[in-house]
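The two complexes that follow have chain A in common; it is paired with chain B in the first and with chain C in the second.
Take a look at the complex of A and B:
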């Protein structure tokens, strides 16, 4: 049986100082980039979140210091309901008049709401409210 | 492509000598396989999710994240386990000289000759290192792009819903979320473009698809191809192993002079 020499050649075993530096720089740079980018995003959002929390705190504190904090304890609103929107009573809060004059909608529902308002006059809403309140009081 | 004269004694062809060029070691090949599987799966599922294809979104999104972990953890382990090969790779892809300018001016290593200069003599292409200029530039794109995809992908996963299995939750706000998602999409598209060229040249294009076997088989490169395309690298190689072996039918088929000598010796006996 005849034979021959089989030689395997490949990259040198060692690496140069330049290669080691570039390899280390890439590995460390990637970790630093990941930390920095993540840190910038998280840090920025934390600052924004802290600002929002502070502003929210100020608004709540201001609100708490007010004598009238809710709409249902506002004498003018109570009077409006008693004298016009639901004559003779504060409750029920939703009558045809209050719905027509105080409620609104947004977005896709606007067209249907406008159509509903156009379909009935204010007088008819007043009549319906009065009739409803008679039943409610009874 | 112009072949250079090989003056490195270790890499010179001689009668009765079979040269095996060991190009990619086992850990490199395993890492490359993991990266290829991870990238292709994430690329396909990413496009399906992006274009709103009718797929089970939660399952596809979770598997996209898990294969993304494979895509990035394989090179991370490789850097630690085989720092020498990684550093050599990084050293090669960040090293440029006049031969790289010549490769680009060829144009693009002569790959565009058949399309742009059909009836003209082929351009001179300077000898290349282990990776040619195009491979080196693609390597930089893939390393930087991979790191960016990993960072943005991690933030996307940790930012959405309950975070990463409820263990890591990072809130980056709506603006940060938009920016990170956009960056992830842009980087993914760039990476897919580079991958398409890499896959075409490595696995399909008939002049260069021998590289596929080098990476997915035993890691050895074809001598004639390496001499033609990576002569500069051949000059730097060292002998790893040398042994006397019996002639195989494959060896005799490739070396007619050895076949004749063998038949002569048999007649003498």
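Take a look at the complex of A and C:
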């Protein structure tokens, strides 16, 4: 019995004909499966892409439908600068308030920045901003 | 939110549940290789020191076994309490929220979102699109300042920061840069994100205009993003003299609150955000798409430098889906700028990167001093905030 089924096909590892056939079938099967999975993957990728494109489309259409298309033409933004961040000016100036409220730092600079924010009050930044804008106007 | 804030700072926002099946899908989408695998099929672990809190793993997990830390309880308590509760919503929330109520993908639910927040009891419903407009004003003028300094224009000598300037609105990207490029942070714009700018003026200018003591204010942000929970927890965001943001919830968590409150979302009458900090431009709206911050910034930079508005506001050259895109925008200078800059026009080279891990080649050029770009937008999540880790999950697709 064993002599029949375990004839090798000249492989030093002693792979039988049966094993070789199974091996070949497995290899072909794997290639087919991989292709199928690949196909599914590409299909999924395309679906995700189309899905996200629909969400992006919402924002592009929302933009197009708005009367205001640019940040600098927003009257509430202009009011914020004119009345608070850079009194009297409608665009950003390098005021203490703009520095404090609109800008930040990164990485190793964070710790010192936290200490600076804690050591100075908002009111002092507001006073400095007003003084700066007065000299700026003059 | 002090307890949850401390937890987020030490453990990160995202965690993998013990019943993780070990399938590896999360590992493949993690932009910063923060997920470690101890063996095939075993529970995966997130390294808080590397995690960006972006939640791409969370929305990808096919078994729903990845979670984000929640501040919903804090928000509910604030709504039930005596404080003046103020809320802002990121642009991308209105592009995804409807999906949680069975509406077709691609439905703009802006008006219903505002109405739902009012019904939930928020005292003032503003809009992060306003904050996005602030970011453009600050970041755009910062870019012009850096460019003029490099061109030797008098008056700009003391401007700090380097060209190319990178955007800084995305907390996942900012953390990625801090962890991987600590020596190149001078290239990041110092402008805060729309959420943090809006928050900073809410408890200062906003409180003053409303006649409310900022100590009695509770500031909430609804975000398409889990990393925004991390950003709001960072120690430096105390510029108003208080925690600038008190709680961040995701689009998913807002949907959950609306459902629990028994609000019939579909039949809500659309409303508008309140004035003062609620008006936003279309430029601010597109912040939620990859390339959107660049497009918004170019609209304002063009106007500031040329003295004229663009004829067509849609800058299609910066739109698209490729992971790295680039464009050159020619801006004719106004007479005032010509006089000080000594040139007729500026050829602004810009790049857009979608997915933090795709920034490598761009950063190599910057490090080598060979980068052709002046301004670079990076968003951590592929496609932008609309595909953020806090958005509704579509299990049929993802």
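Criterion: the second predicted complex is superposed on the first by the 91 of 138 C-alpha atoms of A that agree within 3 Å, B and C clash if a C-alpha of one lies under 4 Å from a C-alpha of the other, contacts with A are read in each partner's own complex, and residues count from 1 in each chain.
Convention: a contact is a pair of C-beta atoms (placed from the backbone, for glycine too) under 8 Å apart; a residue touches a chain by one contact, two chains touch by 3 or more.
Remember, predicted model here, so these are calculated numbers, not experimental data.
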item: Which of chain B and chain C A:118 touches, first, second, both or neither; value: second
item: Which superposed partner A:47 touches (first chain B, second chain C, both, neither); value: second
item: Dominant toucher of chain A (residue count), chain B or chain C; value: C
item: Which superposed partner A:26 touches (first chain B, second chain C, both, neither); value: first
item: Partner chain(s) touched by A:80 [first = chain B, second = chain C, both, neither]; value: second
item: Chain B versus chain C as contact partner of A:105, first or second or both or neither; value: second
item: First (chain B), second (chain C), both or neither touched by A:70; value: second
item: Contacts of A:58 with chain B and chain C, given as first, second, both or neither; value: second
item: Which superposed partner A:89 touches (first chain B, second chain C, both, neither); value: neither
item: Intersection of the chain A residues that touch chain B with those that touch chain C; value: 44, 48-49
item: Chain A partner contacts - residues on chain B that touch it in the complex; value: 10-11, 16-23, 79, 83-88, 90-91, 94, 130, 143, 147, 150-151, 154-155, 170-173, 176, 179-180, 220, 236-247, 251, 255, 258, 261-262, 265
item: Interface residues, chain A side, partner chain C - complex; value: 44, 47-49, 51-66, 68-77, 80-81, 83-85, 91-92, 98, 100-110, 113-114, 117-118, 121-122
item: Of chain C, residues touching chain A in the complex; value: 91-92, 94-96, 105-108, 110, 130, 132-134, 136-138, 140-141, 168, 174, 177-178, 182, 185, 188, 190-192, 196-197, 200-201, 204-205, 208, 234-241, 275-286, 288-290, 292, 296, 299-300, 303-304, 309, 313-314, 319, 321, 382-384, 386-387, 391, 394, 397-398
item: Of chain A, residues touching chain B in the complex; value: 1-16, 18-20, 22-24, 26-27, 30, 33-34, 37-38, 41-42, 44-45, 48-49
